[in-house]
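Both complexes shown next keep chain A, but they swap its partner, so chain B is in the first and chain C is in the second.
So, the complex of A and B:
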């Protein structure tokens, strides 16, 4: 606690602004200790051959990376991560956009918007571990999905979903979509309702069609929100771990079809020898790929601004909280 | 077709789609909850939407095989409550400083925090693990709790919220009355910002409650397992054919969140929407 001397209270700006430093100090210290240092340390570990089993290790330069670039599993994980993210993100934003348009449409006047929205968002709050195990049980060979489809005569024989690459990927994409479309819906709706109705009124007077109003008014004005949604989803998607790890055996089975980069990182970390160096190099690659992709997205979607960095801040200053 | 018939047809179509999506969202959860009350043989006979009467038996099987749910609930609660308190308090403090004071690196640090929101954070977990291991802090909850002091997305939300509720004249009035700066923050600002702090707290709590990856890396002792780590063991061999128990374990892990959501869904939904668009 600061002593409450009368001098401190009565002096002007300079002393009060000392509290600006004081109040921001915990964050700065916490960030340096728990975020920045571990990140730099991970970069350092990625150029060593450290394992969990031995105390000594050496700096081996970029050997971990050269190994990684000749490792077919790495390319598979990289491809999987992008494929699984895109396949869930496109329907996610598509359906969220469609629902948001319906919910905000003055002519349709959809009732109970709040209830629909609240229910659609529910899966996002639930524990990913629970969701993964739940869908694993549902789609297992003797699970409810097979029971229902076989008995209803939709299929003749039960499908072993988790032995088929295509099915495993489809289920994963569905689960990711199921968890995230509600969140995207709420953000898009908030963006749409903040657009001034006068634009639409003016367009209506000019006889614009619904489609024209959507493409000429809604989409351009929604751009900051769209960039925000896409970037946060990208950053989350590149680090996808919980569902692909727990949906099958933790190695991305069948045939590594749902092995994401993060799962690969964990596999190297948890392997017999505990290859910390090799696992760190995967982490570094995820970091670099994500940052580059995020900057490209921001740059591509905000072509009029000259400074992508500043634009990013502006876009994010309009973003939301994803805990 | 007239304008009105077209609207009505469109409405029917929209409601049909909404009902389908509603079922897709709720049905899996409902089947899980119902199966938690049915016996294994009932579950194998087919799907039912009406609860059975096997709840107690399932509970005994579940807890009889090392699924220490009470322990898990307790561990998760300790971590999540601590994380919530730290996140809310320090994020509000940081946001308040940005909002009220002028200091040299103010603009820079806020821009930096905003950029941090889009930096992937899980990738440094290996370094974090080694670093904490050096202090013998694996199997301790401190590495799971302390990083909550620096939560960029929470700061971001807190700043948006404070801008809309904190009036600078009030702060000046308090200063004239002789209130110290820390006193102003604790006795005037925090009470005013209670609703925002509450929403922020819910998100911090849920985020920590659901977090699997970091505890999974840091904790190896069974009695220190958090709830998501326990849930993950339900996939293993111990419960291979005890379907009722598996579903009950899953149900128990999400019921607290469903109850919280049923009560506070307005806060939560508005919380997401609030940050998303600046008025």
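So, the complex of A and C:
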């Protein structure tokens, strides 16, 4: 960190501000056009009865929402979205954390970490459509999983995976985990390698165990990265769409067991007339739920910062991360 | 309906379309025939690939449309569909495949193998006119697959062309087709009208469409930028009775007829066409009928009672179609 002299500051201020606006303009314009405007427009659409098939529409107040709240599938989709996200996020962060600790550990000295990291990240590069179709073929009644397990004597009869609610959810959760733990791993590893090794050296001199080092040094200093991972995963999880949509018939079959809120939104949009209004009301609910959940996560994870002692380390660490 | 001649001979002693038609006219007889197929094949041949195959038959023979005065109406035919589907699944008359998925197609070229490694066969497919050139024929040939870890490839299944026959089946029905329309307030309404006339009423266009005139070379001369697989093969059934009558004899030696062991399917379609009723078709049909998939499956597999299944169907319709009243 270089000390700033007051003289430089006053002469450069105007210019710097001007460039500041200029450099942020592309983002601001993009944000206003492609994020804020659609968001506000979605709120507006959700109080109309607009469909794809007619030009005229009316503002109908909260009717879309009253219908939505009496729609059993909405509650099912809401529950599913949380269940499917949590079931894939917990093992995802757990295993990514474990691997990240191993890969960054100076004592273990695991070889080819770059290769492993790339291999684990690979599923994320595949098209979700390809993955969904691949898993559908694997687990279909006449597919290889059944053929292998039955012939190897592991199970007696073929399982109709995609006509069973539990199996369909299990497969979906596995696919989501498999696609995303590599990405989480990379972020956690980046966070861990940016923690200064001096802390660990000092701890080792003091005779701290590996577990102590992990809980007292790694976890607290990793908190900003954890907040980031959790919030992005939450936002992504609430918008889970492509795999559940493509894995079965696009309606969350069997029995809506893998119907997420986004699939429900698309179903309302893609039904006979293209009910834009009704679909928007689902979108608005997703937005509200995601916002509240994300704020709660950020608040929950940043509350402990009030303890003065830990905070000092924290601020220092943040500076370290950026350096 | 399309069935396998060799299997018909084995189980019914004849492959004559007229005699087989007698054996399957009406759903009750169809079910009885399914029982014969199962017993004589010792459970190794299924009457059909999936319960979804005959759903359209029931839908096409309803008395009332799905939606009357914005309200959902469940025709008695739906109840019959539930019972038939349950009977077929519980008795093992269907392969439990899903339409448009591997297991379902596998029955067409005899490559259906269950998890234990037993060879299974499918006796019949309930497909409409377009099912012959677009679904059955392309999938009735052996498929080449690469062996794992080597460049060698092996073929799976066998060529079943020539082993098929075409009959009206248990009930008259239709299954979609291609529809062309124009928006009410379209800017170029006259031009759109001309286009609709050209594609649906112009005898020359219809003939060219059905007889396979629109080969890739033909289309390329008009527009060289098109893909090299774009073409319209012969055999699609068309909408003008006059033109159909005129060209039926041209299919006596066509690939479709060879596929059916000399039977001219066009003749059969032409005879069946006047019995097709399109009055029930509504824009919401697809969404409603899809909503029935899960409840139907649950009831057929004994996972739900009929009340539960019907309730789930109603909830699904309500969710998919916000402006339909469900009571």
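In the analysis below, the second predicted complex is superposed on the first by the 272 of 323 C-alpha atoms of A that agree within 3 Å, B and C clash if a C-alpha of one lies under 4 Å from a C-alpha of the other, contacts with A are read in each partner's own complex, and residues count from 1 in each chain.
By our rule, contacts are C-beta pairs under 8 Å (C-beta built on N, C-alpha and C of every residue); 3 or more make two chains touch, one makes a residue touch a chain.
Please read all numbers here as calculations on a predicted model, not as lab measurements.
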Touched partner set for A:210, first chain B, second chain C, both or neither: neither
If touched residues of chain A are counted for chain B and for chain C, the larger one: B
Partner chain in contact with A:187 - chain B first, chain C second, else both or neither: first
Contacts of A:254 with chain B and chain C, given as first, second, both or neither: second
Chain B versus chain C as contact partner of A:292, first or second or both or neither: neither
Contacts of A:147 with chain B and chain C, given as first, second, both or neither: both
Which of chain B and chain C A:238 touches, first, second, both or neither: first
Partner chain in contact with A:129 - chain B first, chain C second, else both or neither: first
Touching partner for A:62 - first (chain B), second (chain C), both, neither: neither
First (chain B), second (chain C), both or neither touched by A:137: both
Contact residues common to both interfaces of chain A (with chain B and with chain C): 136-137, 142, 147, 151
Of chain C, residues touching chain A in the complex: 96-98, 101-103, 106, 112-117, 185, 283-284, 286-287, 290-291, 293-294, 297-298, 301, 312, 315-316, 318-323
Contact set on chain A toward chain B in their complex: 1-2, 4, 8-9, 13, 16-24, 26-31, 33-35, 37-45, 50, 95, 99, 102, 107-108, 110, 114, 116-123, 125-130, 133-138, 142, 144, 147-148, 151, 178, 182-183, 186-187, 189-191, 193-194, 225, 228, 231-232, 235, 238-239, 241-242, 246, 262, 265-266, 269, 276, 279-280, 283-284, 286-287, 290-291, 294, 309, 312-313, 316-323
In the complex, chain A residues that touch chain C: 49, 53, 55, 64, 67, 71-74, 136-137, 140-143, 146-147, 149-151, 157-158, 160, 162-163, 249, 251, 253-256, 264, 267-268, 271-273, 275, 278
Residues of chain B that touch chain A when the two form their complex: 7, 10-11, 14-15, 18, 21-22, 24-26, 28-29, 31-32, 35, 44, 46-47, 90-91, 93-94, 96-98, 100-103, 106, 109, 111, 113-131, 146-147, 149-150, 153-157, 175, 178, 180-182, 185, 200, 203-204, 206-207, 209-210, 212-213, 217, 227-229, 231-232, 234-235, 243, 246-247, 250, 253-254, 257-258, 261, 265-266, 268-269, 271-279
